[in-house]
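Letters A, B, C, D, E, F, G and H name the chains as they come in the text, with residue numbers starting at 1 for each one.
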Amino acid sequence: GYATVDHHRALRQGVPEVIFGEGKSGEQIAGIAEEMVRAGTNVLVTRIDAHKAAIVGHRVPSFRYAPLARTGSVELAPPPKRPCAPVAVVTAGTSDNEVAEEAAETLSALGLEPLRIYDIGVAGIHRLLHRVEDLRRASAAIVCAGMEGALPSVVGGMVATPVIAVPTAVGYGTALSGFTALFAMLTSCASGVSVVNIGNGFGAAMAVHRMMPKASQAIEPPKTAG
Amino acid sequence: GYATVDHHRALRQGVPEVIFGEGKSGEQIAGIAEEMVRAGTNVLVTRIDAHKAAIVGHRVPSFRYAPLARTGSVELAPPPKRPCAPVAVVTAGTSDNEVAEEAAETLSALGLEPLRIYDIGVAGIHRLLHRVEDLRRASAAIVCAGMEGALPSVVGGMVATPVIAVPTAVGYGTALSGFTALFAMLTSCASGVSVVNIGNGFGAAMAVHRMMPKASQAIEPPKTAG
Amino acid sequence: GYATVDHHRALRQGVPEVIFGEGKSGEQIAGIAEEMVRAGTNVLVTRIDAHKAAIVGHRVPSFRYAPLARTGSVELAPPPKRPCAPVAVVTAGTSDNEVAEEAAETLSALGLEPLRIYDIGVAGIHRLLHRVEDLRRASAAIVCAGMEGALPSVVGGMVATPVIAVPTAVGYGTALSGFTALFAMLTSCASGVSVVNIGNGFGAAMAVHRMMPKASQAIEPPKTAG
Amino acid sequence: GYATVDHHRALRQGVPEVIFGEGKSGEQIAGIAEEMVRAGTNVLVTRIDAHKAAIVGHRVPSFRYAPLARTGSVELAPPPKRPCAPVAVVTAGTSDNEVAEEAAETLSALGLEPLRIYDIGVAGIHRLLHRVEDLRRASAAIVCAGMEGALPSVVGGMVATPVIAVPTAVGYGTALSGFTALFAMLTSCASGVSVVNIGNGFGAAMAVHRMMPKASQAIEPPKTAG
Amino acid sequence: GYATVDHHRALRQGVPEVIFGEGKSGEQIAGIAEEMVRAGTNVLVTRIDAHKAAIVGHRVPSFRYAPLARTGSVELAPPPKRPCAPVAVVTAGTSDNEVAEEAAETLSALGLEPLRIYDIGVAGIHRLLHRVEDLRRASAAIVCAGMEGALPSVVGGMVATPVIAVPTAVGYGTALSGFTALFAMLTSCASGVSVVNIGNGFGAAMAVHRMMPKASQAIEPPKTAG
Amino acid sequence: GYATVDHHRALRQGVPEVIFGEGKSGEQIAGIAEEMVRAGTNVLVTRIDAHKAAIVGHRVPSFRYAPLARTGSVELAPPPKRPCAPVAVVTAGTSDNEVAEEAAETLSALGLEPLRIYDIGVAGIHRLLHRVEDLRRASAAIVCAGMEGALPSVVGGMVATPVIAVPTAVGYGTALSGFTALFAMLTSCASGVSVVNIGNGFGAAMAVHRMMPKASQAIEPPKTAG
Amino acid sequence: GYATVDHHRALRQGVPEVIFGEGKSGEQIAGIAEEMVRAGTNVLVTRIDAHKAAIVGHRVPSFRYAPLARTGSVELAPPPKRPCAPVAVVTAGTSDNEVAEEAAETLSALGLEPLRIYDIGVAGIHRLLHRVEDLRRASAAIVCAGMEGALPSVVGGMVATPVIAVPTAVGYGTALSGFTALFAMLTSCASGVSVVNIGNGFGAAMAVHRMMPKASQAIEPPKTAG
Amino acid sequence: GYATVDHHRALRQGVPEVIFGEGKSGEQIAGIAEEMVRAGTNVLVTRIDAHKAAIVGHRVPSFRYAPLARTGSVELAPPPKRPCAPVAVVTAGTSDNEVAEEAAETLSALGLEPLRIYDIGVAGIHRLLHRVEDLRRASAAIVCAGMEGALPSVVGGMVATPVIAVPTAVGYGTALSGFTALFAMLTSCASGVSVVNIGNGFGAAMAVHRMMPKASQAIEPPKTAG
């Protein structure tokens, strides 16, 4: 067949395989989603446009589409809430919000609570200074920025929270479709900032998922040595 | 003067400013280290060659140089041990070990325990299969690879542990001084792998530092919502 | 005229000139195909879209179009079967299947039998482990992968079969339209993997064609020294 | 001959031709400098290493070499002081100071007063906040930064002063020998920041020279319309 | 909300936040514009296409669209005229005029007077020689060129006026969508030419804004040292 | 330890692990070679310079160094001869011979016979025409070329032999350290040419190894379907 | 106005300004063409699509459009014939013919006679060998090739005729939109091949124009020293 | 052997094979030179450093080395003088002179007379205006420039002479080791400028060689049609 679904993934990683919508037809996505629903797992599709989403929606009951995030999902059962503080999802400018929404939707599907802090980039840095306490209290911060991608450096220099930087393709010319922000974030003078692919809000949320305690760990002590 | 030391950093981030050794003279590094020692903080210098290290060693008592890692340090007091399992430091091949040592030295300076797992790359994948349990039990895995940089994808697909991928410059021609490994890691089909700059073992360790409970948090419950 | 058909090619290479469909009009393709049919040779066209295929179909009888592979063909006589085991055609993900189909269609036109093994990429490596025997028994393996392009490395490390790696443009951002997979495959730590252009399923099949015994060689001993 | 000195330049631009030291031998530089001294103009050489400077020093009396800036000069007469406030020369880190010194030396040769503000990059942004008043009062700010090159964005967002951004080659891997900082500065979200070539402290000072009133204009009103 | 308008900007920089139209919907632009109009500030939007402009025009009274420049504006009160000579806006060829118009529209919004000098590129250099006096008398020259981007070098070598070079995407093949012009301008042999992003007429005008005396400074003496 | 030798490889691939000499010290190489000799396998090291080779030679008896090829080897027993015609090793120019020698040395270590055909590039194409019969009779052709890398296209168009193209770094400027030859070979209009990394003579020989009958297969019929 | 037509060009260069159609509206092109017709000169427009050509055709009488070449022209008087042999215009494959037609149309407009030799690329080199005499007798050869761009090397190695190489964007993946052919041609092992921009058939014809005797020089002796 | 000398080349191209010195040892160069001397042809070696030249000088009598040009030659008989005006060899700056000397030495070896015009770049354009008559009278102009590479555009716009542009690696940062000049020259707005590889003075001279009448053609009429 055209696909070999990885049904073990929820066991290995605490979350089922997520369907990458690009380069697949609406029919193929629907077919994979149906196979997962039959197996009793929730479904998440990323990078799916409105046209393909309509095709899936016709075949898969209770498929919900989030147009700004360009994600689709089937929630057979709500994900168990995770025992930790909200995860900040930050943008430098309004044009970065789409990528941030992909992260926020994925966090929700993982039982993590997103806290949206949008349009506080470094051209008017007082906007960031007003939100420092929110960032300090967050479990982690997913920071989305295009153009020169400076925001994660400044956030990472201010707080000790885990920072996942997400470059976006916002800008033109030397913004290089997000590569300048990507390279800037990787060579950030603030240390301990880690980075995901351009526009990969999904991957940033998954990285936070790996760090956070599992639902069942709520009452367990932190994983310690020995 | 030639430098404005950031003396607040230990407060903000739980670790003092780390000195970037490239592009500074041995004298400048020694001067900054002396100022930090006077202020009573431990010192860590990265990317410092043997020649500069000798200069610093003459001026700064108890300066210790790690030649493979190319780091130098002054430990006025040992860092408090962190309440978590060891951090795996993995390499694909022997040629990646230098970058891994920079990560391991930094982890030690942060009170985290490195677990070295070297030379287990995908050309002979049974070597990796033998170490899966170690990876599963680790607090996090720092995975260093050059050439095609495939190891973090395979590790990330096998275990739910946080994975920080570190590309190295090992290889020639299309290895592109580490850029191929970097781009491969960023576009990894294993989700939730986050990435740092080429050869940045230090940054990978700092990213783990942000995720792990602080020494003082050992007896506190995990940071929860609300 | 607009074309100088290379009528000697079947003699030199055991297969007639294959028409490259890009940058030619439907009319030009039809004209060249007609000239080849008149000369009594089978026709294969690659990288031809549905629109041009319809134009050719109107002028050239028994022209068959394969939409997923984007190839068209006229089979005046079936190609003689080649005396060797099937050729594995492997993909990392469903989105790589189009390129794989171009390879599979070309193999069939050359008298070689394709064995399709789809969607077994390294994010869930047990899927690959289940198919190792098939890969070991194959005459050769054409391995198609986008994103980080790690699958040929892992396959090449496991079996001694000839491996032709085909990068695809699947992925976004640092996938670089297939260049990351291409470079990764070229700098693979598994040795003896050779590589063709991004999306060039046709070329991979032709490379296998060069290695395999000719139909008429079935009863001849292998070409030996002296 | 090997050179055609542009003796009109002081007339056209208020400053004589400046000798670019790279790719010229010490003898060629000395020859050009001698010709200029004979013509009665001050001499400035940029990007000249210590070895060539020694050669020039032997032939040209009162040639002064500034090793950190890598400039050399002959001052037949001091340049007339310009009627404006000092020009801030700012660095993100100590490793950027060499480029800044090239700018500062050039400013002095043009009759402009440099105000050095070094090592105040965005990883510890309070260091910048302490110097905002100095930046506001400056005639212009030349801001030198490597790595992610974020400092000019933050400075440009805080003050209305003319900002000339100078990328430096500080950093490794994705710092791309200064190209990441260059591209970041060009796509800065702070508007009206203009940029010069990587490491071009000289050019930044010359750009300020074009903007500032000439010595002879001190008592003239600003150049107005009509 | 989706935006955090920077209402302090007019205070800090003498001009309100300018809305970057790319990557925002017409509705989002209209919402931000309305908020600014309510706050009593003039509005300027850049890189806005005719379709979005129509949406904004329906919601925001007296919104004016300049189609060649692709800017839109609301002028609650005319900007105070600045006490300086006109600013030359120069193009190498007719195809560069769009970028020049963005600069000219922005200058007007800032109270500066543009002087358009179009299509005088170096392939017919007598066209430039005829306009040297205009360039010499201008407060500054914004020079827009695509292809090999040579015009700012020639202008910068002829006059002492501040020169802001704006690369455009005019040309094909090795013009590299404006990167060749950008790199040529940055490595110009004429010194003191500073550069903005490809197609960034807006940024060039803002850089001139930073250099020119403010309206209220007309009768003040130039800002001097001490 | 610093290495995890893959002792299974000879079983899986018919040839033991080959040591990549770059990025390893002479001592590390010697240590790995000693471990392999103890295990009774032949040793091959590639990309090892004369200095490291001397270190290994002191510790490992009967270590032989080939300076042009930059390979070293220990032959405990001669490799069994393979039942096939010689493998042509071709260069475009004398400057490509080093890479060709790496291929030839590796072929010999694999029991395959190299046939050297050097300096017959396309600037004087009659030199190639004189050797067509040799190329036609070869089991495979490894074709090494730098600069524009045209030779594999011409060879591939003339003969039906398997062609492995090896780009070299010969040339300057737009030769791009071998990338132009690499890209040219990948986009060759001669079909079925497959390619390895720049300068990777070793990999080309290994690719031929995968295609050729094993020594033990000499009297077996070709591997057929079913 | 939007244009400053260079009316001196025919005097300086023996041919009037040629209008670059990209980035100009149909109306602008028509306006410039009308101004040139009024001045009594022939008109040539390059890179003009069918839509703009229709607009110009409505306003400018006897405007002729060549759709394959994408050129338009007004011939008030036929150009005087040049006293030299025809100029060969060669393509590697049918897909390169469009660029060749731009060259051929421009040659005709310059009074030079094109000799079309199409689809004789190196994958079937006997096609080229059949045309060597034509190439030897030509005044110059304009050789257009995409993919690996090898044809000019082979032609340049066979004949002493001036060779102008024109890379085309034919191919995919590593063909890099013509950059691989461009770089290959520039680093050609055949010496004395000079190169123009990707797809610049116009420029190749103009380069030939510069080399060839002018119409009025027919009876003059060649331009000799002294 | 290591080389297959192309002894037919003087017949095909009017000049013997020229030895490319890079990537060959001094011994290999001497061996090839000796073989050519034995065959009675003059020898030219390019890109040969002083060290290799000394080795060749010891073995080959009357070998002459030109250190600035980095060429070496053996002149058994002076080349016959060509019946045409001198060839201008122009540089933008003194740092470009080395490349120009390679062109000049090659011209001399071909029987063509170089006319050196050095250091007249566009930063002081009056220097060029003074030499326009020399350029107009030359048979061809070889124009060498680094940095932004603007000089060939300006020369090509002023005179109708054939212009061969040679980019040089002069400059830093965005000069990109000559690629910016190369791309600028290829996308020059002056039409009919053709280009050779970065630093390829030799190739430029060879391109002129192809255009110029042969010595034996002095009394023949120009090669005409039919």
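Methods note: a contact is a pair of C-beta atoms (placed from the backbone, for glycine too) under 8 Å apart; a residue touches a chain by one contact, two chains touch by 3 or more.
All figures in this text were calculated on a predicted structure; none of them were measured in a lab.
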{"item": "Length of the shortest touching-chain route, chain C through to chain F", "value": "1"}
{"item": "Recurring contact interface, reference C-F, options B-C, E-G or A-B [over half identical by residue number]", "value": "A-B"}
{"item": "Mean-CA-position distance for chain H and chain F (Å)", "value": "37"}
{"item": "Computed distance of Cα centres, chain F from chain D, in Å", "value": "52"}
{"item": "Distance between chain centroids, defined by C-alpha means - chain B, chain E (Å)", "value": "45"}
{"item": "Residues within chain C bordering two or more other chains", "value": "93, 123-124, 157-158, 172-175, 182, 186-187, 191, 197, 200"}
{"item": "Inter-chain touch pairs (all)", "value": "A-B, A-C, A-D, A-E, B-C, B-D, B-F, C-F, C-G, D-E, D-H, E-G, E-H, F-G, F-H, G-H"}
{"item": "Contact footprint of chain C on chain B as seen in their complex", "value": "92-93, 121-125, 147-150, 153-154, 156-158, 171-176, 180, 182-191"}
{"item": "Of all residues in chain B, those that touch chain D in their complex", "value": "1-4, 6, 8-9, 17, 20, 22-24, 28, 32, 47, 167, 178, 182, 197-200"}
{"item": "Contact set on chain C toward chain F in their complex", "value": "12-14, 18, 83-86, 113, 139, 157-164, 182, 186-187, 191-197, 200, 202-204, 206-207, 209-211, 213, 222-226"}
{"item": "List of chain A residues in touch with chain E within their complex", "value": "93-97, 118-120, 123-124, 126-127, 146, 170, 172-175"}
